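All chains are identified by letter, namely A, B, C and D, in their written order; residue positions are counted from 1 within each chain.
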Amino acid sequence: MTRVVSYAVRVEFGDCDPAGIVWFPNFFRWIDAASRHFFIACGVPPWAETTQTLGVIGTPLVDTHAKFVKTATYGDALQIDTSIAEWRGKSFVQRYRVLRGDDLLMACEEVRIFAGRRDDGSLFAHAIPPSIRALCE
Amino acid sequence: MTRVVSYAVRVEFGDCDPAGIVWFPNFFRWIDAASRHFFIACGVPPWAETTQTLGVIGTPLVDTHAKFVKTATYGDALQIDTSIAEWRGKSFVQRYRVLRGDDLLMACEEVRIFAGRRDDGSLFAHAIPPSIRALCE
Amino acid sequence: MTRVVSYAVRVEFGDCDPAGIVWFPNFFRWIDAASRHFFIACGVPPWAETTQTLGVIGTPLVDTHAKFVKTATYGDALQIDTSIAEWRGKSFVQRYRVLRGDDLLMACEEVRIFAGRRDDGSLFAHAIPPSIRALCE
Amino acid sequence: MTRVVSYAVRVEFGDCDPAGIVWFPNFFRWIDAASRHFFIACGVPPWAETTQTLGVIGTPLVDTHAKFVKTATYGDALQIDTSIAEWRGKSFVQRYRVLRGDDLLMACEEVRIFAGRRDDGSLFAHAIPPSIRALCE
């Protein structure tokens, strides 16, 4: 059974564009927050701590695919249901459903990595850390 | 031959996250600007004007798929090459390549519509307006 | 006695800059949300409704003065205490205290107006609508 | 004579709110970029470099005061004129004028510091580094 963690979003006036609806990059802002919230809710320490313990500085995005089904506007209360759809060798698939009550507004599926940083500053993909995976399942 | 319009982006300090790299929702912010800039460069009037003349209030996003290849940081000068990859009946595919010099940082393909607004405030997809398509080809 | 309304903020990873602290424009993002939330909590209808009933399209900012006392980072839970410090003829002073527990992080005082829109699209300041003021006191 | 550096801004659709005008936190986003651009234009190295050479990680904001005079909307081309109005012992006053052609849209005056970081991660204000001041005058 897949673990699902919910994250609540209030849509604000400034999140909306001249058409009166949420400007789409804000959906990605909330999805990134929901991604991190998923790990925190599973008991994974903050990235500032895993940087020290595991060399994991965060979970940068490699690929994202999103469908926008319905619009939202300010005053709306949204819920983002987040889960991990697949664990791969050096990446994982994180899945999101953005809901307003029972209405699906947006669905998104991402590929992310657990990133480390080389001495020259560049990033690389760790093999999935077993301690993190164990907390998330 | 497909028309390609370039849009220049300067990456700023505030566009970057605690890992020191561009926070990904900002890429979508720039892509949305590049999308509008494409139409303006083709001679399509601003949406405020097409709202009056064609009932087109803008080009909301229906679907987006993006690959993140390399990171960027503040001080970087980026170029977004935008084109229309496909015209469909009531939607179109807009394609983006985000470059730093010759390096591809991000590739993105979107489905968008030319939206009208119903009396009840909801949006709908117009058939592609021939006058807009003619300007863009 | 002045009415105070609290608004809760979670600081997210993407709200922080390469120095690892909240990038200051995000404080203004939250303050704008707290401003609107104050009116909603007082029972003032959404601006979409007051546009119809009172010709009030919102409360644009005329002047703001903010002091930044302590920094915040992602994972922090903040509280913004909002009140109206003064009613003037055609404007009002809205005051904010951004707190993390008992620590004051930022204090801000703004002058805003209740804006109407002229036929040519420009904005003007209404005299303070008595029905709104009565709800807020 | 005070040195003035100009920074160009294009207002985009997503910078505007449901009232069709620039949402004010975006002015602060641009002002922060103009602040950094001022130092770069004066020949000050990027903060990533001054962190190594001078222990200066950036110029966090201590106080800001802004007046909003006229609104802007998408398609507008703005210019931000930035100067340093005053050098103090451990802080400086940075001044901005946001213009659209000859029209003043917003004026802003900030107090900033050149920040260092202590071993416990907290920030402190350096005495103004003479090498930076010399470049900016």
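Here are some notes:
We adopt the following convention: a contact is a pair of C-beta atoms (placed from the backbone, for glycine too) under 8 Å apart; a residue touches a chain by one contact, two chains touch by 3 or more.
In this text the structure is predicted, and so the values were computed from the model without any measurement.
Each chain's centre was taken as the mean of its CA atoms, and the one lying most distant from subunit B is C.
Across A-C and A-B, the chain pair carrying more C-beta contacts is A-B. The mean-CA centres of subunit A and subunit B are about 23 angstrom from one another, to the nearest whole unit.
Per-chain Cα centroids separate subunit A from subunit D by 32 Å.
Subunit A and subunit C have Cα centroids separated by 28 Å. Among the residues of subunit B, those touching two or more other chains are numbered 13-14, 18-20, 23, 25, 29, 32, 47, 58, 74.
Interface of subunit D with subunit B (complex): residues 10, 12-14, 20, 29, 32-33, 36, 40, 46-48, 58, 74-75.
If you check the complex, the residues on subunit B that touch subunit A are 18-21, 23-26, 28-29, 32, 47, 57-58, 60-68, 71, 115, 121, 123. On the side of subunit C, the complex with subunit B involves touching residues 13-14, 16-20, 23, 25, 73-74.
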